[in-house]
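A, B, C, D, E and F label the chains in the order they appear, each numbered from 1.
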Amino acid sequence: MKLIIAYIQPQKLNSVKQELYREEVYKMSITNALGCGQQKGYKKSYRGVDIEVNLLKKVRIEIAVNDNFVERTVEAIIRGARTGEIGDGKIFILNIEETIRIRNGDRGGIAIG
Amino acid sequence: MNPEITLLTNSITMIWLVLTAALVFFMQAGFAMVEIGLTRAKSASNIIMKNLMDFAVGAIIYWAVGWAIMYGGLKEFFLMPDIPGKGALFQSWMFQVVFAATAATIVSGAMAERTKFTAYLVYSLFISGLIYPVSGHWIWGDGWLSRLGFHDFAGSTVVHSVGGWAALTGAMILGARKGKYVKVGQEVAVKAIPGHNMPLAALGVFILWFGWYGFNAGSTLDGTSSYIALVAVNTTLAGAAGAIGAMITSWFLFGKPDPSMSLNGALAGLVGITAGCLVASTTGAVIIGFIAGIIVVFSVRFIDHVLHIDDPVGAVSVHGICGVWGTLAVGLFATGRREGVTDIRGLFYGGGWHQLIVQFIGVAVVFFWVVATTVVLYMGLKWVTGLRVSEEDELLGLDISEHNAESYYGFQIFQNQ
Amino acid sequence: MNPEITLLTNSITMIWLVLTAALVFFMQAGFAMVEIGLTRAKSASNIIMKNLMDFAVGAIIYWAVGWAIMYGGLKEFFLMPDIPGKGALFQSWMFQVVFAATAATIVSGAMAERTKFTAYLVYSLFISGLIYPVSGHWIWGDGWLSRLGFHDFAGSTVVHSVGGWAALTGAMILGARKGKYVKVGQEVAVKAIPGHNMPLAALGVFILWFGWYGFNAGSTLDGTSSYIALVAVNTTLAGAAGAIGAMITSWFLFGKPDPSMSLNGALAGLVGITAGCLVASTTGAVIIGFIAGIIVVFSVRFIDHVLHIDDPVGAVSVHGICGVWGTLAVGLFATGRREGVTDIRGLFYGGGWHQLIVQFIGVAVVFFWVVATTVVLYMGLKWVTGLRVSEEDELLGLDISEHNAESYYGFQIFQNQ
Amino acid sequence: MNPEITLLTNSITMIWLVLTAALVFFMQAGFAMVEIGLTRAKSASNIIMKNLMDFAVGAIIYWAVGWAIMYGGLKEFFLMPDIPGKGALFQSWMFQVVFAATAATIVSGAMAERTKFTAYLVYSLFISGLIYPVSGHWIWGDGWLSRLGFHDFAGSTVVHSVGGWAALTGAMILGARKGKYVKVGQEVAVKAIPGHNMPLAALGVFILWFGWYGFNAGSTLDGTSSYIALVAVNTTLAGAAGAIGAMITSWFLFGKPDPSMSLNGALAGLVGITAGCLVASTTGAVIIGFIAGIIVVFSVRFIDHVLHIDDPVGAVSVHGICGVWGTLAVGLFATGRREGVTDIRGLFYGGGWHQLIVQFIGVAVVFFWVVATTVVLYMGLKWVTGLRVSEEDELLGLDISEHNAESYYGFQIFQNQ
Amino acid sequence: MKLIIAYIQPQKLNSVKQELYREEVYKMSITNALGCGQQKGYKKSYRGVDIEVNLLKKVRIEIAVNDNFVERTVEAIIRGARTGEIGDGKIFILNIEETIRIRNGDRGGIAIG
Amino acid sequence: MKLIIAYIQPQKLNSVKQELYREEVYKMSITNALGCGQQKGYKKSYRGVDIEVNLLKKVRIEIAVNDNFVERTVEAIIRGARTGEIGDGKIFILNIEETIRIRNGDRGGIAIG
């Protein structure tokens, strides 16, 4: 089982979700994040004092999948999120040692879906 | 008359008009809060700027030229000359400028979240300096429509419809906010872009209602009129009935009573009674308001789902459509019993079709005037400065792209459109 | 008298009452903001709907029947007939309807976050159409309590206690919000459910205070009364002293000066002076207000920690308890020096016990009337439509469950209750 | 004169002053919202407490001693004695107390987010009980400055500059909020600490503007003055021109039109016209306001970037500096054509330098009086109770450290300073 | 050392915390999340336009524990969060390679507690 | 490749960022968190009812780095965040199996930076 963590542009969330649904990945968890990367920030100012904004709004997606699902999930995220511009985001894949469904105590691959 | 009596009579009218003008001024805050509440957090500061500046720019231009066109004649540009004893002139200007500003600010809501700020500034100049004063002159400035017998007591047409139609052409020419209407195959899917702050929207509606007592009751233009209280009562009842009408309609159509529609309904009732608040009976006011509340829900739905025009706050429906309804209602509900002020009588009170036809003419004339001039204005702006911000700027939000500003610093806001 | 003088006198009273009525109307916004601020984000739109609709429904029913019961007699249902020259009638109705709406809306806060919206609508009909008008008739409509000498200038009892007692029975019959009182073994642990928007609550209090100048000073019902300014001064001083009283008390009891209690204290002082704002001296006003500020903190604590009645905004304490205090204070602090208006004199000014006893009778009668009728009303509602939403709906929040709506779209809000 | 005419004249003035006093009272809400909006979320409840309490404490002390010092003489401490027929006294007190409270509350914004609450309470006592009444007496209480011919119609100096200078010394003695000015080697880097709620700040400005109609027009102190409308017109035009002036200046300096600066600009224009709203022509009002709008942006920048004084809301610039400008402007723009009220004439209208010099003397005297007394006051407080909270408390936020409170319970707020 | 990531219903946070305390697990970190799973969303509407809400509010808990604590922690979470209804949530267990306490530089198992 | 998760005091974010920049670590993602640890909370009250606040505001930083960068990143975080007081925070290091750059599909160590 793998944990896929993806950082994407907030405005791409809907299209990523649609691509994931197409691959029958229906489960995920989403949080707000601020990202710092190659993407240039922008300048804001407040009452004449400049503010350098280099933490940009990102959406962080966490998806736990069984190993045979990893590639199609990654491909779906890329399809949904890619624009080819800097700031498109990153995907990190980590190993999950165990998964438990709280409702009924299921463990392992069966608990993922 | 005894000069002391004259002085007191004038004094009562002066404090009455200055206080009611202040109430109408305060409606600017109401419009700003409603518009902020019903749009997204990323545009709030831009909305503040628009609402502040349409008043500021509008007041200056109305002082410079607008007033002279509407009421004053050529020698009163800039309210010149500054001679003493012009209390009556200043009191009229004060009361009128806040009406001009109301017409101007109505448009802001319909064009929210995508209009270039510079274009909006230029728009403000033209609506307060030219478009509003000309049609206002026809109706209130002793112009041809007033002589025809057209009756619009406090401005369902003069103020609200003018704003509403300018909002309509503006929203059409601008096009919808990105993501509002999504083409899916042949079909257009209508998406919701929910407002981010209902408490502020509600506060705005309460402020508007509060200010409306100045708007309608002040329009007696005479602090010793014995109809002041009747006007206030009709205003109260129509606003109340409008809220109820919209609540019931939304309940029926959507399954639950909808807050933002009910708020719109109160405003719809108030717009509806604005023309007829003097001539209608209290029963008339309740009916006019209630129907306005029903109309506004259907109108919002029609404009959104059928016409696919993106009007985030419902300005076209509330001010344009219900302004028409209110103006026509005069031709239906005028009781004919306002001795000493007016003797117009509507269809339902045995007055026949005459007044209704006159009202209709006024409505139509103003519609064409405003649509024609604003189309020219917006198309001109599109050509000269551009009317709409770029797609990236819209995505980023107008607060940042137009003002380098953030409205809710520190608050975590989740936005994926 | 000279007819011109009569006309001017009437005109002054008319603009005075219409403007002060507008101020009292604006208190609706104040109540809405206080209630929104002191409850959770997930109920804000429901609160908006309740506050908008109790006014809307209340105004219509007060027009249809409430006014006739309270003042008008049978021929004035629907303010009929619509004859000219009824300026005085309309001005009275306008000023009275906003008082009826105040009584109605007080209850909303105490019943917040768990009441079915439909039940609340029905409640609104009965309080504004029947319960308030009947006791109002006894005291202000030349009924038996007024003839007994009961003095309640602007409505500590007529308006505030009526609202306060209806709030009390409502909160009791509804029961507390889930999670407010948690049984731990034999003990009941009292939990805080903090309000989500203090700035709006504070804005609401400032709006209420602002409107209170209309509420109290307008209650002279006469724009040429020379006591208008005194009433305004007493109102100012009592509100100020109330805020200070509550701040000090909360500081003493809780270790730090508590914002929401201090805000409540200002309102308590204002409610406290409402009955006696004409007859008290300025020193009396300071004392009445200060004591009201102390009372409100102890009362909130008692109702929460001892009675375990869940009143999210402190409506019972502010309006019910301090309304009683203010009404009784008339029997203590009336100076007896309001020539030409009233000669009542309280205990502390050598008037003996008489007035205090009369005040007590009025307080008790209104208590029983309101408790009895509202218990019947709420139990009836419980039986017919249900009074309270389901547990899941409460958890989800009334915005979604009652209106499919969200109040702060996009804002990240952390809520685990 | 006919006693009925006298009664009516007095009545008109009484309702005029009570209503305008209520409008000025409402400015307290405006100040609170502006200050909340332009500071951080973690200080909002503390700001509420300061704004509520400076009014509450100020009203009580102004009743006890302030009024007697400013206008009344020794026998009017506590507005004693309470004899009937003192309508005129009460009406004056009512109108004046809200001005005293305005001066007091101006300071709050400049000292936001770091001042000990107890110290602020003591400060409130002294400004409303002593500092403001003394200089007020000189100018408005028939004191020596008024006899010198110093003209400050509604208080650019009496109210606004007094508040502004007390704000200046307060902000200086307190020192900046942690993180505002960061030493980097030899240089001081100026950091932005953005306000957290622009919609509330904008609402506050609209409320202030609304209240300003009471502030300026009410200052005729006479409801039958024929200059009331002129004053209102000048107020409108100067506020509008101020907003435009600041918008353009900020656009020019920062590249984009800045919302909070434009809001400050409107206030600057209003402060600027406050002294001269009676004597200026409408053209004069536009110029005065526009220049005030330019001044305020440069002043904010200078105080922040050069003097490194941390004034979160720009109170010193808006009220202090623009108060000076407005007061001097009387010496420039007074038209000399206010028959029956005043005949002062400024430099630009052929009046020579005389009036300008008198205005300058008044400005300087008030500056020294306020700076001297407030420095003593703040240094005393520093010594006795401490003026500033500890560094940890500032980091935690004054809501929690001073009041155990949280202003936006549940909202996720990201704050790293 | 393991990192336990649990998604639970927000209203269960207090009871989960109590169960954890009972097991002497005192340290944890919590974030807001939006979850998409088997649990049906609900329908909201805005001005007559329907909005399908399928991202539901969840609370995400992260707890780092030593290996011998894993089971009791998981059990405690389940006890606190289970209702037996769909939407109860999931627990994921990942391996931690190193833990460092910033205050004093402690590393490894000792830094966890 | 490792995933470094650090919980720090919010007011230390700026100095941590500066230390990371000095080590040429420019990429990171940040979220809001509430932390429960050894640090004592504080007492708030609302209308006279006490509220025990033991979930304190923290900032959660996620940094993916190549293995040779781990130590300098950890050191930088410690330098930026340490005060020596309880509540300074923790760092957890997890293994990343794969990293993908959405923009161009880069995988592995090259995709991290």
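Just a few scattered comments:
FYI, a contact is a pair of C-beta atoms (placed from the backbone, for glycine too) under 8 Å apart; a residue touches a chain by one contact, two chains touch by 3 or more.
Values in this document were obtained by computation on a predicted structure and should not be read as measured data.
Both subunit C and subunit D are touched by B, F.
Least step count on the touch graph, subunit A to subunit F: 1. Of all residue numbers used where subunit A meets subunit E, under half belong to both copies. The two sides are thus made of different residues.
If you average the CA atoms of subunit A and of subunit D, the two centres end up 51 Å from each other. We define each chain's centre as the mean of its Cα atoms; on that basis subunit E and subunit F are separated by 18 Å.
Separating the centre of subunit D from that of subunit F, both taken as means of CA atoms, is a distance of 45 Å. Among the residues of subunit C, those in touch with two or more other chains are 5, 8, 12, 15, 19, 194-195, 197, 203, 254-256, 258, 260, 404-406, 409, 411-412, 414-415.
For subunit F, residues touching at least two other chains, in rising order: 31-32, 34, 45-46, 94-95. Interfaces, counted as pairs of touching chains, are A-B, A-D, A-E, A-F, B-C, B-D, B-E, C-D, C-E, C-F, D-F, E-F. Note for the complex: subunit F touches subunit E at residues 2, 5-8, 31-38, 55, 58, 60, 74, 77-78, 81-95. Within the complex formed with subunit F, the residues of subunit D that make contact are 395-396, 400, 404-406, 409, 412, 414-417. Looking at the complex, you find that subunit F touches subunit C at residues 34, 45-51. The part of subunit F that touches subunit A in the complex is made up of residues 3, 17, 26-32, 62, 64, 94-105, 111. The touching residues of subunit F, counted against subunit D in their complex, run 10-11, 13-14, 32, 42-46, 57, 59.
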